[in-house]
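Each of the two complexes below includes chain A, the first together with chain B, the second together with chain C.
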Partner chain A sequence: MNVREHKIVITGTMGAGKTTAIRQISDHPPLLTDVANTRRDESDKATTTAAFDFGELDLGDGEVLRIYGTPGQERFDFMWPIVARGALGIVFLLDLSREDPVADLERYFSAFGKQLGETPSVLALNKLDAVEAAPVALFQQYLEGRGLSWPIIPTDVREREHVLDLMEVVLSLNESLLTEES
Partner chain B sequence: MSAKPSTIACVGLPGHERTMVRLVTEVEAQNLERPWRYGSPDRADVVFLDPAADQLDGHAVSPVTRPALVAVINADAPTATQTPLGRPALTLRRPIDSEAIRQTLQTVDQRAARHPAYTEGGAQEADKALSPAPLGLALHEAMVEGATRTSWRLTFTDNENHVLILHPGRDQLRGAVKRLGAEPLHGGATVTRARIASETANDDSAIGTDRSNTLYALLWGLGYRTEPALPLFGDPQRATIHLRFWPRIGELDLDREELRALTRLFRRSYHIGDAARATGLKEEALIALMNGAWLAGDLAVDASTPSDRSTRRPAAKVTPKLIDRIRNRMARAS
Partner chain C sequence: MDAHAGELPPELVEQCRDTLEQAMAETDGTVFALLATVDGLAVASSTAPGWDIAAERVAAMASSGHALGDTLAGEIGADDCNGVIIPTDRLSVVFLAVPDVAAPPLILGLAATAQESLGSVLFAARSCAHAIRDGLTATT
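Let's turn to the complex of A and B:
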């Protein structure tokens, strides 16, 4: 059957919460490709998503929305922009419990290269419980320095409502672009 | 509350609405928290008026009792920010019924109780004997008039002498704070207002400016939560607005419609009416959001949409219909 696919991409380091986020809103459990984590030096978790994983929302009329999670391990960097091509939006999921989330963001940036700024993007700050206060101002300055203005949303992707909020921001960014075009 | 009856009056309302107001004071007395009587506007504590009525000329309200004005407007009229008798504290949309009137009286009481000590002070132009006025009104006057004519300064103090000063007359300085939390601000801080004679009056510096997150959050909360939500950023019918910065406001707990509105207004200029239509948010709710953004310094007024590196075009397949479908589908996802 020929389905028309629309997609939203969630990207982030190993353990940032991509699979958790997708699980909140998918019709089916995400098509997990989690395997035993062989890179315990990058992250201490037991399993990790080896290829990308995705969730699905059936929109009817032969159309489907897929939420893709990019693979977390660094050796899959090259796949991120490929997965994101033509997407409605990219959610950059930062893990605030990691040592240097700014450096993590930097790494996504070099991986996405010129494609940054072509797709509506949101910076989501996850694992807030690991820090005293969400460093929104810091990331604001960082993005501004790169001429990027993205919404910055503190979140907890274990909560469905929070994930829906992120999706709403992606949709609204698209709406803004559409009104401008017409 | 005192047992002494307060006075309600009507100006410019049609006969059946006057009767309704009168009936509430007489027939529903047992449902009201304290006695009210119907009387003339020059003695009234609360005045219901229709700002669009043409027989308002010649009426005046007492500068001594300084009544709370309740604008009664048609269902589809824009929110009244000004009436010939002053700024309204509340707005009621037609048709009005006895329940709406009863609730209005209660709200007026609650606000008076919450801000018991809003008085005018200051050396330059002491203007005493003012009755409690809603904080939103005081803010509106200070911000809007402060930007154009008089330089106002608002000082919030709680009983432990923590202070927040808003001094809109001075452009960069929107606030100075000394350990005043959001709680006292909305739970009975004393608010005094002073007219500043000249720019040499400089006692703000004694307190020190705090551009920290605390102040930022405090100002956001003050603008967003204070009622009534009168526009602090200029004339909402004419101004175009956009968010210059994405708000850093995790703790305000915005709902999804508000988040949507912020996203639409993020670095894209709108008239407020268009923004309300685009987002489905009520104009009043939008003004509350923009008030928060304005006080905190996130809002740009009458500036064109900035051009930056961020996206200019949506993905090829995106249409408004698709977005609606996804939105509906997500709302249903289980």
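Let's turn to the complex of A and C:
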């Protein structure tokens, strides 16, 4: 049987929860390119992703979701568009506990360039514990200013159901796009 | 270079730079030498006159390349990745893990014009990696 493959990329800063999200839904332990983190002043994580994370989810009926996570630190920004090549959708995972998540998003926008307008994307707001209320309106305004109307989804990627919801939204965005095109 | 790179004290960074420069002086055709942490921070580098190479960018790419090599080696049941070799028409580029340096793990990079044999570049890189290891072991 021919397998239909769907590729979704999760991107975001170091510690935003990309690897956690992939781990939650992958059918097998994710393939990681972890290396020792020598910048413990930046993040307390012992390791960091240097190339990409990869997981797979069998959707049934011969369809497989391949989920890739990008490296978080800005010095690896050359990897972001490489990993995103051929993706049907991108999840921009924001860490709300960071000092300036809008500035974080801005950096990712610059790096992804023209892929932004072409690839269905979702803005996922993670680590909601760090804020009183999810600043959905703030990000909505930001996206509108750039002519983008992406779904903004408060999430907790430690919960498998939340990550599955994100994937479902990206898949349906892609489906809508294909329907519009046909 | 990044002040936090590898958390090596300045005198050790200087010593590593001397070792890189020595390797370049001893090996014909070398255009670039780099020492980077395994997570992609440049510790020290040396570039031949006339070449413009962004050491910080190459350090991050060396980290990604090495991590991919490690993952690929693991996938096919090989042992740990000791290095990555990139032969091109213009340059031969070698990245090697500096052996037996636990904290922080380091990657040594050496690039030489393609007129030099890949073997000689590899030999030079290996000798340089050992010299850096010996220097760090003697002073820590």
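FYI, the second predicted complex is superposed on the first by the 168 of 182 C-alpha atoms of A that agree within 3 Å, B and C clash if a C-alpha of one lies under 4 Å from a C-alpha of the other, contacts with A are read in each partner's own complex, and residues count from 1 in each chain.
Just so we're on the same page, a contact is a pair of C-beta atoms (placed from the backbone, for glycine too) under 8 Å apart; a residue touches a chain by one contact, two chains touch by 3 or more.
Only a predicted model underlies this, so the values are computations on that prediction, with no experimental measurement involved.
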- prompt: Counting residues of chain A in contact, which comes out ahead: chain B or chain C?
  reply: B
Query: Touching A:Leu164 in the superposition: chain B (first), chain C (second), both, neither?
result: first
Message: I'd like to know which partner A:Phe78 touches here: chain B for first, chain C for second, both or neither.
response: second
Query: Does chain B (first) or chain C (second) touch A:Glu180, or do both, or does neither?
result: first
- prompt: Along chain A, where are the residues that touch chain B in the complex?
  reply: 4, 6, 25-27, 57-60, 63, 65, 86-88, 116-121, 128, 133-134, 136-137, 140, 146-152, 154, 164-165, 167-169, 171-181
- line: chain B residues touching chain A in their complex are 213, 245-246, 248, 250, 256, 259-260, 262-264, 266-268, 278, 306, 308-320, 322-323, 325-327, 329-331, 333
- prompt: What part of chain C is in contact with chain A in the complex they form?
  reply: 4-7, 37-41, 56-57, 59-61, 63-68, 70-71, 75, 104-105
- line: Per the touch rule, the chain A residues reaching chain C in their complex are 31-39, 41, 48-51, 71, 73, 75-76, 78-79
